[in-house]
């Protein structure tokens, strides 16, 4: 009989970590968890966009994208490091430093993304998908260990407290706390997404990009240089990934050579959740994933928050195999 | 008839000499290795061989991108740990536990396959990856409130493998144990590959739709591949756990998955010997580099990228272990020779298809279409089409591009379910059946845009077609039961009989030639042979003479007629060359805009005003 | 044909199963020691700190003339933190006839998996971080550790929190690894024993960099003390930083890994002020004997966390044992093991004398509890007699 | 002035010869059609002009310059535009965006907006649907959009691949009337078509292709009354 009771407590463990919490306690946490969720969700969305854009145009899973994000984080750290003097003071105004960090991270990772496309993927344009996937894995391994060799396994810290005046570092709204960095991450990620949306919707290049994704051959008939569009796709996708890396560095103040794996996995999950190939889908997927993870911590347990998000992913795919905002690909015979 | 010679051959088993050689090498290795360390590395190679061959079934044979493969390895390992340790004080015997582990993993494999059936390709990859993450997290966290997996501590102090009073303890002993299992897996892989299942998977990987249309139940085959791959991984996990004497969560992580995939790709997807060689190389290489830390990983990654660009087919991709004499396609003299023959089959081949006289029988309706309609996004591709096809008839469908001819074929063979209407074959309704079910009923087809299994040989292409006529299951294939051998013999006979209809074009050395290396006309012929090899009565030919020169066209025309006269097939043919239609058809129907606009003898149809209009176009102002 | 084959196979098997073991050799044939540990992979950061410290010790020994004039060779055995690879490393080290001792493996699960193998080939192992209690409870004689066991500090920490900090409610978080889980278990058990009623537990993912969602949960409980079991200082830094950002008032109590001035105190940019933590040794920067090592390490490899010093001492202890074993010009692994066990009151750089008990554990260690005051560690209590 | 000329063009797909010794020329402001049954090589001819496939022998000249061997983009840039088979409208781009992409290579906003007006004049229906996605248009509207899109590049030569395919008879006639109108506005047009009667009723000249060879070439009205035509269409092989 004792065994049976154990099993019951075991089952309840899946629902509540230790003991039942009062509804009050849960409700009280929700606004804070939504803020947490939206912040990481924005980061996930930025990463997911890179996956989704590449997939939309080349139908490949660019596994190396997580490492691009990691290198973005290191670039941000490097800029901050160079602009900090030996006593911890800044050489420039904090806000300018933040802008420079993000811009440099985007520039470097954008170039890196184009390089990866040119040298690792373009030779395989007509090869089986599995080869492309393996090539991407190869790039992942190379980048990760290159960083390990170049700068060691040491975690790098972002000394962010000097960047912004103390008075605006944290804001309190009732019992809910929101830090400046969170606002920054939410603002910048939404801003970048808005710019991207504008770019893709309104500019000539953006239209050419969408056209190429929808019908590559017809796009060439319009005089569009498909190779250039693919490079551009990698440039933008990787730059957004790099921006996410720098933003996370500012937010969580650390970067090491191993962060790419988990970030890549999350971004990838968000992209698939939203419907891979769809840019708005990636954004929606990112925010949903971030919020689900945060709420799962309160409602279930921090131990199982990742299990919950993967189960949700699988459920969504079983109900809508093409993701939340994805388009059902027509079968061709 | 040289059937007796076939019986003596070992159909598709590892040749005895090779087997002896392998065994000798395996036995000798511990004697020539400098120390225990290298014996352990050799034993590890055995484990990796098991793992990579298991993945080879899923990703290599069936072409399914399974990123959750290590999860099954983990399930096997942890099952062993739970059933053979002091953790719950269960100490089951080794010979019982290994199959249990394999079964447990296999059950999870079926489960995963079943839930992820709706998604395909890259979505399958993410669902399986998600599954693997869930398993990993559960292993890490199921240590409380009840300790199942030991959490981060893992489960140490497992029992040694113990079989009939003998306990395996030393490295050398375990080396032999692992090698025993590795050899079993090699043998099983080999046997599977050369069976109806192996061919079915390969066909599925090459062209899922064509495989379905040739009678391969693609859904079931995918599940089977998942299940078998998982069970091999599960078994490997059990052996691994017993050797290591413990299981820990990070034994089964993403890096192990990457390693197995590297072995698979490096060895050449689907190539058993290549995968084995790659597994051996990749389990020794990192050991040699162990002292260099991160540099070895960079080398590993670069190797992958460069190799993918330079040798996308893997190191052993196109190279067979035994050097083969190269035979080139010598089309010219043969073309001349064959053109002289009135009929391809001159009787000089081993297998001659038994004759069965056939003629047009107007009393028996073999196929009937009733008000068949197919609407694609508002467009009526086929519009209320009704049609009867009699037994032994050759019916041609003509019409301009986009008239809906191929759509009619796709509807009959079940590739699309019709929007409305009925399809009745031999008195039974087949509307809405899946393609492989339609073939089973006796309707086979060819494709306008050649959908051969291009990387399979000519003979294998034809052998796939017998898939739905045979039943051998896993058990009889693995143990080579008489039923399987008999079936295999029949498959080969039927395939050769039907290829033999084309004489030297598709027989002799061509049996072993890959379909991709055939000339265009021969590919067309092979598609027809493949359709015939399904033992179907009704054959749908979609532009059988497309891409053929006038001589070849004439040949194929007579050939099709002969098939009807001598073997009693019924044909529906879509054809553009109207002189072919004229010589071949008992009856012709013309389609335009999905509607039947004329029906009757060739002359009647060809002179029909609507038909002329359909082809030449209406004159202006005469709608 | 088949019968011949079977016969041959069985003969081979019978011979194969009778293997011989044991080495004894002249010192001049070469002396080497192995470093087993995660030098790549997710735990590469602490792994490399250990390796670098071993290297400093070996280099110093060789610069001083080596053992009986023979230079000691250091062999890296990277296991990437994976037990399956650790087993390969063990087999390799066992097979290396010039090898007389191994520093590591520092991860408990790898140590667990290789215990049996190192014992079989009589190869001495000194771990510098593997803390699972049962590693030394299995009756092996080759396994030593200079670090404390999981069950060493937990009770002391529990007592400190309940009695000195007078906490009424405690939230305990730990990452999912052997060390941190064991630590948290011990703390919780002690707190319960001492009558603390309100205890909550949760687990976190190591090096996740974002603990804000779980901290939101902590905030809702409003505990007096937040105990965090995590292996590395950066994890503690993130945790304490985000905790203060969320406005959680609780006292922070970190496990051993937090004792890292640069990666914990400086990295958290002030948030760590007032936090407590425990360590098995006094502050390395305040020990005169350690000054030289610290200088060498920081000039060569950058900043130092808590993993290096024990590795440096362990290497020196091993080298001493080897020197004694080699005194007669002849050395065996069993001799090394014997002299290891005799190590008594070795005074290295850790600030306390090292003696091994019968099981190979550190004898008479203490739990040093520090508080972060003014950007530095201040010793507040030494708890002895565990 | 001679806009396009194909000289002695042979094209192979692997071993199969798709085009043999093709000679075609098109003069400025002409409307020329290339007729032929299924699989006679019509689409291949267009692909050769656009540089999608390269001729094994012979050359393609555009306004006197050799263009065979150039990439498609470059050929489009020189002023060749196509209404592809099945129209190939970008399904998830709006009608307006589809039109804008037609002018992808141009950088004269004023000229573009002029051409846009011209397209709206030709196809008032299109103007009503500017904000809709391409996929939501009916077959006839898609045909108009495809033509409008092709015209947006202000082409010197407009290629049309089977404009009648997949359209209901009424729409076919409509579509050909538009082709005629566009031609009268001064655009040189090369139509590849199966619907011989319809195409010849608007064309100046016609070529008839059979099994990769040009078997007939004449003025349109002569071809319309040529008995060979029916044979070329109905009796192949």
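Order of writing sets the labels: A, B, C and D. Residues in every chain begin at 1.
Just so we're on the same page, contacts are C-beta pairs under 8 Å (C-beta built on N, C-alpha and C of every residue); 3 or more make two chains touch, one makes a residue touch a chain.
These numbers come from a predicted model, not from an experiment.
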item	value
Contact-richer chain pair [A-B vs A-C]	A-B
Whole-Å separation of chain centres (CA-atom averages), chain A against chain C	35
Averaged-CA centre spacing for the pair chain D and chain B, given as whole angstrom	42
Separation of mean Cα positions, chain C and chain B [Å, integer]	52
Multi-partner residues of chain B (each touching 2 or more other chains)	141, 294, 297
Shared interface positions of chain A, touching two or more other chains	145, 148, 303, 306
For chain D, residues contacting two or more additional chains	none
All chain pairs that touch each other	A-B, A-C, A-D, B-C, B-D
Residue ranges of chain B in contact with chain A within the complex	59, 63, 65, 115-116, 118-123, 125-127, 129-131, 133-134, 137-138, 141, 144-146, 209, 254, 258, 261-262, 265, 269, 294-295, 297-298, 300-305, 308-309, 312, 410, 415-416
Interface residues, chain B side, partner chain D - complex	378-379, 400-402, 519-520, 545-547, 550, 553, 576-580, 593, 606, 612-613, 615-621, 623
Sites on chain D touched by chain B in the complex	14-16, 37-39, 138-139, 162, 164-166, 168-170, 172-173, 176, 193-199, 201-202, 229-230, 233-237
Chain D to chain A touching residues, read off their complex	50, 72-73, 76-77, 81-82, 84, 88, 90-93, 97, 100-102, 104-105, 149, 153
Residues on chain A engaged by chain B in the complex (per definition of touch)	6-7, 9-10, 13, 55, 59, 61, 119-120, 123-124, 127-135, 137-146, 148-149, 261, 265, 268-269, 272, 276, 303-304, 306-307, 310-311, 313-314, 317-318, 321-322, 333
